[in-house]
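Chain IDs A, B, C and D follow the sequence of writing; residue 1 opens each chain.
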């Protein structure tokens, strides 16, 4: 029986380098759209950062993932309504994809000049 | 200035006991609809259980939250496509709400007789 | 064979009135945590309002659901980055639950006094 | 002032063709992780298909999006628990990206041979 890597490869009409770009995009979309809205405060922010990274590492072709959440909006001695809902603007993520000799770094963070939480490719290396 | 507990109380046209039921429902909806779809495998399942519970504890009136994820569908030595997406059927959650002298326990788990991941109230105590 | 309504009823340790409160809470948690993060602009906002309402009406015991999304942040002739991600603060929802002779109205909207997107019960009637 | 397209372009360390692959991946991750878990039945399935497509069209560089949801699991005359939660396996999506002279088609659907809801690139054309 053909393994699933070979089956998947046959569906893709592009180079490994292009597929690495695509896989990186999927991971960025996952981080944003799975976790935006999650209740977060100083009590669980470290835990949530780790948990998002660990979930992304489960997806195919992820070599590494580091997620940081902006703490500047958190209130220290607030009331029970002082927590936040995670927004895209609070997320800083760096994901490394490795696929067929291609290592790609993708980043997501709020871009102050654009006023937009930009996802982008910051590096591609081919061995 | 009026505190936010008092402001919120004035919006509710019901008893504390009824509000405890409502708050419990919100938390159950949050667990399900925020986290269903998350990539999960043996490598991050314990982490995800803890993370869901910690996120729910951030919400108002949650005294405790315990989340267990069914591991029976996980593959031990699979390929890169062997992870799962979290489904409602895999979630077992017990959330305790405490509000104004009312302590309420709500549970969510797959009910085999119903063939449905049921959310329900298993206990209400009033002091 | 026992029907699923009876099976569900047996799991609940509370009155129909309390259960109506709980069911309303679930729906509010669903609206918030399923849809926060959705890309939205003037081009799809009416469509998204209707779609959220229709999805909620699929859940048990929902008699009616009306969802409005705040348009004040939308840009009319923007660039390709001018769309928004749906936030809880933008949502105004009114959900009517009917269960066993109890009709309950629950609302969610940004409460300017609290600075918080409050979910609350605005009416319960028992026949 | 520099426009946002130029600002974004400067962050990307890759070709337009590679960026088109990346943008396609983001959209696929969005479809899956934003909408998996949504309550769906025969009553709202057409509406939900349209709504997912319209939300994706709001994102940058999407020329077209068509979403179909598998209806084979729906029950026609069921009870109030007979609706489903949208899963990745039920989604069939075709998204066309157009960016800087590159037109790319990406698809997502359950791949029976792989037993996996595969996202892939089916075509790239450069003018």
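Keep in mind that, in the parts below, a residue touches a chain if its C-beta (ideal position, glycine included) is under 8 Å from a C-beta of that chain, and two chains touch if they have at least 3 such contacts.
Please read these numbers as outputs of a predicted model, since none were measured by experiment.
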{"item": "A-B or A-D, whichever has more C-beta pairs in contact", "value": "A-D"}
{"item": "Interface numbering overlap (same over half, different under half) for chain B and chain C", "value": "same"}
{"item": "Centroid distance [mean C-alpha coordinates] between chain D and chain B, Å", "value": "29"}
{"item": "Chain centre separation in whole Å, for chain D relative to chain A (CA means)", "value": "17"}
{"item": "Whole-Å gap between the CA centroids of chain A and chain B", "value": "25"}
{"item": "Chain D, residues touching no fewer than two other chains", "value": "4, 8, 30, 32-34, 37, 81, 114, 116"}
{"item": "In the complex, chain B residues that touch chain C", "value": "2, 4, 7-8, 11-14, 17-19, 21-30, 32-34, 106, 111, 113-114, 116, 118-124"}
{"item": "Complex interface listing, chain C residues touching chain A", "value": "32-33, 36-37, 81, 85, 87-88, 114-116"}
{"item": "Residue numbers on chain C that touch chain D, as the complex places them", "value": "3-5, 8, 30, 34-35, 37-41, 43-44, 47-48, 50-51, 54-61, 79-81, 83"}
